[in-house]
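The structures considered in this document are given below.
Here subunit A shows up in two complexes: once beside subunit B, once beside subunit C.
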Partner chain A sequence: MTKSPTLTFKSLDTACIITNLLTYRIFTRIPSLFPRTAGSAAAVSALYSAIIAFLIIWIISTTFCRLSHKNILDTAGAVFGKIGRKLIALIILFYLGISSIIALGEFSEFTKLVSFPTAPLAFCAIFFFVAATLGAFGGFNALSRMHRLFIPLSVSVLTFVVISTLWKGDLSNLFPILGRGAENVFGKGISGVIMYTDITLLFLIAPSQNTPQENKRTLLTASAFSFLIVIAVMFAFTVRIPYPISAEGQFPVYLLFKQIHYGRFFQRIDAILLFAATLSGMLYLSLNLFFFTNILRTDFGLSDTKPVIFPLALAFFFCVAGVKFISAQTLNILLFCTGFGVLAASLVTILFTKVRKKLTNEKI
Partner chain B sequence: MNLRKLFIYQSHKNNDMEQLDKSSASLENNPGINSYIKNNIKDKNSYTYKSGRISPNLAENIEFIRDAFEAVKNFDLVIREFKVKLSDRFVDAFLIFYDGLANKEYINRDILNPLMTQGADTMPQGSSLEEIIYQCMLSQAPNSKIREMQTIIELVGFGNCAVFVDGCTCAFVADIKGWSARSVGKPISEAVLSGPQEAFCETVMTNIALIRKILKDPNLIAENIPIGTKSKTPCALMYINGVTNIALVREAKRRLTNLDTEYIFSSADVEMLIEESTLFPLPQVLKTERPDRAAAQLADGKVIIIVQGSPFVLILPATASDLAESAEDNYVRIAEANFMRAVRLIGCFLALFLPGIFISVALYHHESIPTDLLFAIEATREKMPFPIVLELVIMIMSFELIKEASIRVPDPIGSTLGIVGGLILGQSAVSAGIASPLLIIIVSITALGSFAAPSVSVSRALSVMQFAFIFLGATAGFTGIALGVFLLSLYLASSRSFGVPYMSSSEGSDNPFVVSPIWRREKRPSALAPQRSLKQPRISRKWKGDA
Partner chain C sequence: MRKFKILSALLVTILSAYILCGCFDEREIDETAYIIALGIDKGEGNDYIYTFQFSAPLAVAGGGGGESESSGQESSSEKAEIKDSGNPTVNNIVITAPDFYVAKNMTNNFLSKNINMSHLKLIVFSHNLDSDGLSGHSQFLLREREIRPHTAVAAAKQSAQEYILSVNPELEANTAKYYELMSLRSNNVYAPTKKLSDFVDEISKAGGSSALPLASIADKEDNRGKNASPDGFWIGSESAKLSSSRSDFRGMALFKSGILCGTMNGDSAMLYNILNRDIQSCIITLRSPYRDSDHFSFRLLVDAPASYHVNCAGNPCLINVKQNLGLEFLGSRIPEGFSSIDELYAFADSVLETRITEFFFDISRVKKSDIMKIGDSFKQRFLTQHDWENMNWSQLYETADFDVDIE
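Let's look at the complex of A and B:
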């Protein structure tokens, strides 16, 4: 039997993409986000939102992975028709755009803080802009292989941070166990789920993968692993940095990294963090840009994505480094709204699909 | 009937239509000889001119050959006229060969002697002259009857001897190549301490034999694909039938047969002509001078190309995993092999990144190194006149000069060059205050790292790419290096070698970081999609179960 020498989409690639989508925000905001709402119960709040996020992923993946290799937009099209499909595509586009602008800004700020305190933000943003543009040009297969290469490095760095800081932590920082109150931990804490909205990007590529069972197994295992990393970092951060200091820092992992002391030679190893964070950010931005242009192609009649990549990346760049016509607070509100919209739209699509399948016994 | 057929028809009114069709087909299928004859042969009424085939008229053939081979100008061309002795008569004949390319001893012993003196005592009844000469008189073993003049021109140019006999419409071509060729020697660029010490040579048939000797597989195919419209350089495309992916073989053949170039001089020419991207920094086709390595790659489902005149065999496709392999890996104990591979990979990492990282630390990330070390570096740099980037580039270029010069100089001067270049220049540069001692150490470690690379082509690629990382490090420190790593990986990840992704992950034995023991290498690399993926069962050491 003759086989053609083509690459099949490997589970490891998918797992690495999921891990990056769920953990890249550790480098910029997650560890300080939870203390702001939950106080000393940040780890509890992180665990709570991770469980909810995992449940959502499980609900979506259970039905989604059986949909005979259709992505979320195809499914939306089959359930809600053309208008429904376009509406969901538009929500995802908005989310991708806002998320890209925020990520570009945050990673540039992070680079500026660690490497170039006196340089303008545009200088730092330009590296991410170049990487995202060329990464999106490289295409999905190349990006998935790169995830396989770099995400283990990123995970190793985070694990190193956790191990290096945890043993010097103070467990009393975890108390009171419900921090700023149950309402804040479990009520407002639910907003933490939005931090994991990027996982829905994976539902745009599911048709490329192998069997539905393999998809589901990979998706759930990688998600569980990623949440474990987030909770571990959150736990280490909470026991090492006491509240309210933990709620103030701009780049919490950097703050955590500064706490590492392995003798005189290894006392300043921030560069490793910078390296891992930069690569993680570059990969995320490339993937975002790729999906953005891909949705424009599949749902808005764009014939070729390549001519759009550069102008789009330039637009994101100017949103970060040029005239700031949207404040950071507005961006965050927009991110919350669109993130919620994407999650809700995905859930509704999947639930409708399930109901329709049951009612009509139709194969979608 | 087209114009060409009509023209031939008018010239050959006496010939039958069958011959006419053959002649016409020969002309149409032989664009090489068409243009050649049009441009060079003066007697345009001759049979040979019109048909491209050998005439039964010997005078016409000899005239054609003299013109075709420029016999007046080529002093090494030998055209020897003689008479073939038959039992009842003598027949005119001539032979042609290049002095130096063909073996004259064989010509005298196996061609001229039997034809001129021995004759055939009894003729088989009803046999033609062609059959008598071919079956009863010529004793040279690789012997064939050729009727197309173009083929004869090519074969004579490749060391064969062609015999033309009056009345015969074919020439008897004897394969009696006798040029001076290097014998099988020791590998130079892939030397190993333990393991076979044979290397490929410049002769394609010898190289094929070296591989056949190892594999002993009747399914091993060696197809001849001549390359070069003028040189017709023989190239052997080798693969194992039933193992290698047919699509891969077809793709390799398609690229080789679609090369429109006049001359091919070595396998490097072929490599450049068939690879996907010329600007790609790393080799897209592996080169080896070791028959054992080529055989192992064939067994894994790859295709190899052997080019006449080149001791380096091309292995395709190449992936990033292949670049980490060394021939030595298979001949030492597993722990040792893994340790050596780790050292090699660290060496490659240092060769590529160390200068860039050094520049990054020195210019942007002072905080990344301990204060004492930072003071030491600053103290050594206090009196340096050049910026650190320029200092580093000067020292690396000096080293590259030494490396390049050491290849050119004769062996006895080599050690002197090492002393002058390495010791005196390095020491003097520090004493003169041009370079800091730390920088000399950095450049030395980088150089050692590049020498540890498994192949020369990888080593050179690393040496070139390190300048990009120096530039990026000097521009933006670790962020620049991260961007460089991202872009390099992106380029590698989006590239393919003969349809196989360059950074493909394989479930087979080609993990770039680990050398597995031979009993664990059950599968062929999955990225190649071989026809048979299993090389051996999961339990290959059956004796373990018996114990």
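Let's look at the complex of A and C:
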């Protein structure tokens, strides 16, 4: 029987988990949606969606961090009853499944692009499949320690790429400042929040009862730091690669890395990127798989998670490398729908909790 | 639990060994042929003529090109031809095909080695390449995994094939290094340097302009070396000529929206380099206004790139160009006719101002291409892409007046 994970939010492990959850998508295709929708205002659009995401996280965290030993599902159960809890658990499960398939596919394609051009996709996917399975087997504590070990490295690599590309950037690429128009930047730009929907995984962990203020501070500081990284990468990307080239890029961060050129001896730094991206992807997939099985246990009557991990990972693997019964476009639409669904469900749960507590004058 | 840990450790060890040895995508160096230069010309109909120049590493190392599959021979088939350029360190293959990848795959018809482009140093486009050919090729070459964004790009004055076949470097055994030094070094004042990524960035914008170095064969240049008509007090590089049939980089080709707008000589390329601060210093020579046979030289120190201010209040627009330059007279005494060193500097200043103003009129009114990216500084005044496109910068630029101020 696996024990439900509890965390003290002040720990470095949590900060690293938050950072990975909010930044791992930099390595995928998703950041290219910013220049596609906003044009030269990609950095402004990234900033806008980061502000919205930060507000959502702030609203959720104000109440959530005070709920001792209750994760978002327990809270949903208390507010909406058993059916409400199961419904939200189903939405989260659906999101985790879609997100895992997309992440596994994108990270495998990324690895293939950077290092194994002639290898089949399945060959690259198998590494992530094995890493995710082992990670989920290791349990939450092992995963959080792995985050503490590797995420600072990943962040250093991203900082390196920002510094290396910014000094040769052209600030005129940021103009016109509103790019493809205000409605595209601020209207369609809201879709950029999808970059951060994985933060809801954190709310599947029950916070410790000791110091809600510290929990909140850790959560918000780590989130702000992660947003800063995403915005900095998007800023460097916009400044270095002008629109419309930036909108056509498949993996923006790879395009950015290709631009790094420190003389004859330091021009192919893609290997470092591959290292950071695979670590980030493997840790995310492990965490995802862990929470998927954990929800099955807590909400769907599974007695032990371990026997399910391998078949589940195998199912994700076959969705990516085997018969593709869902098109990539449909998967992306599903990701957006479920992502926003998960975020909305968490927000609604917290708001209802707050209202109910106020009505009954209970202390949260 | 202990068994599980042992099993995990074993699995990780085996997997690491498998990953680290990296055998899946193995590439043996002696089974790979490296392309170091690529020429693209327009062929008949929809075809393109691709010139692949391969490095012969053993010949570079002094081994006499023993591994070469085609050294010294000249054979031809209907679509592919092996050309002997007289340069022992390279092998050239010319293929006519409708597409680059068809041509690249065709090389495998007679080359046993795997083709690799990770050491590609120079891409030469023919001056008569159509817009689709130029932007299409440059964009997919930039996206090609093996090709680096820092690969140099040039436009051929004759044909790309002729240029590549004529390259036989002096004082350099390694042709790849020759290309690298020739096309990307900053001390070639008479040609701009352009990287593939910069070129694609520039021509992909709506109405985007770019300047490429002009790759030519010296003895095919009829107008070089002849005493050109006096160009005011400026002594140009066009009066100089190489004594042998060397390939060189001199002048620049101007492109707008992927179409060649014209070419400019080495002196204009030098001004382009100065205004962009692609060179930090150079030497200019002027003719004395008092005696034709008197020449004197100045070292020009470029502190910063030129700044532009566009004033569209009137019609036509007025573009103010401000350039900070350091001038140093390279002589021991003040030339005859000048009363003081200040007068001499004032004279040099006025010649430079006139020359730069002529340069701007030439690129805006004649060549109609904004290679100095003046539009980028004007673009900052607009809120959206739509507003900026509605402003029709091309039209404003082509009729604008220039006010050059050298400090």
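Here, the second predicted complex is superposed on the first by the 344 of 364 C-alpha atoms of A that agree within 3 Å, B and C clash if a C-alpha of one lies under 4 Å from a C-alpha of the other, contacts with A are read in each partner's own complex, and residues count from 1 in each chain.
The working rule: contacts are C-beta pairs under 8 Å (C-beta built on N, C-alpha and C of every residue); 3 or more make two chains touch, one makes a residue touch a chain.
In this text the structure is predicted, and so the values were computed from the model without any measurement.
Colleague: Return first, second, both or neither, reflecting whether A:Val130 touches subunit B, subunit C, both chains, or no partner chain.
Modeller: both
Colleague: With both complexes superposed on chain A, which partner does A:Asp170 reach: first (subunit B), second (subunit C), both or neither?
Modeller: It touches subunit C, and subunit B stays clear.
Colleague: In the overlaid three-chain picture, which partner chain does A:Thr111 touch, first (subunit B) or second (subunit C), both, or neither?
Modeller: After superposing on A, A:Thr111 lies in contact with subunit B but is clear of subunit C.
Colleague: For A:Met282, select first, second, both or neither according to whether it touches subunit B, subunit C, the two together, or no partner.
Modeller: Touch status of A:Met282: first partner only.
Colleague: For A:Gly179, select first, second, both or neither according to whether it touches subunit B, subunit C, the two together, or no partner.
Modeller: second
Colleague: For A:Met146 in the superposed arrangement: first (subunit B), second (subunit C), both or neither?
Modeller: first
Colleague: Considering each complex separately, which residues of subunit A are in contact with subunit B in the first and with subunit C in the second?
Modeller: Touching subunit B and subunit C on subunit A: residues 115-116, 123, 127, 130, 134, 138, 264, 267-268.
Colleague: Once bound in the complex, which stretches of subunit A touch subunit B?
Modeller: Residues of subunit A touching subunit B: 1-7, 10, 12, 111, 115-116, 123-124, 127, 130-131, 134-135, 138-139, 141-143, 145-146, 148-150, 264-265, 267-271, 274-275, 278-279, 282-283.
Colleague: Once bound in the complex, which stretches of subunit C touch subunit A?
Modeller: 4, 8, 11-12, 15, 19, 24-25, 145, 148-150, 180, 197, 200-201, 204-205, 373, 376-377, 379-380, 382-388
Colleague: Within the complex, which stretch of subunit B touches subunit A?
Modeller: So the residues of subunit B in touch with subunit A come to 245-248, 317, 360-361, 364-365, 367-370, 372-373, 476-483, 485-487, 489-490, 493-494, 498-501, 503-505, 527-529, 531.
Colleague: Name, in rising order, each residue of subunit A that touches subunit C in their complex.
Modeller: Per the stated touch rule, the residues are 39-40, 113-119, 123, 127, 130, 134, 137-138, 170, 172, 175-182, 241-245, 258-259, 261, 264, 267-268.
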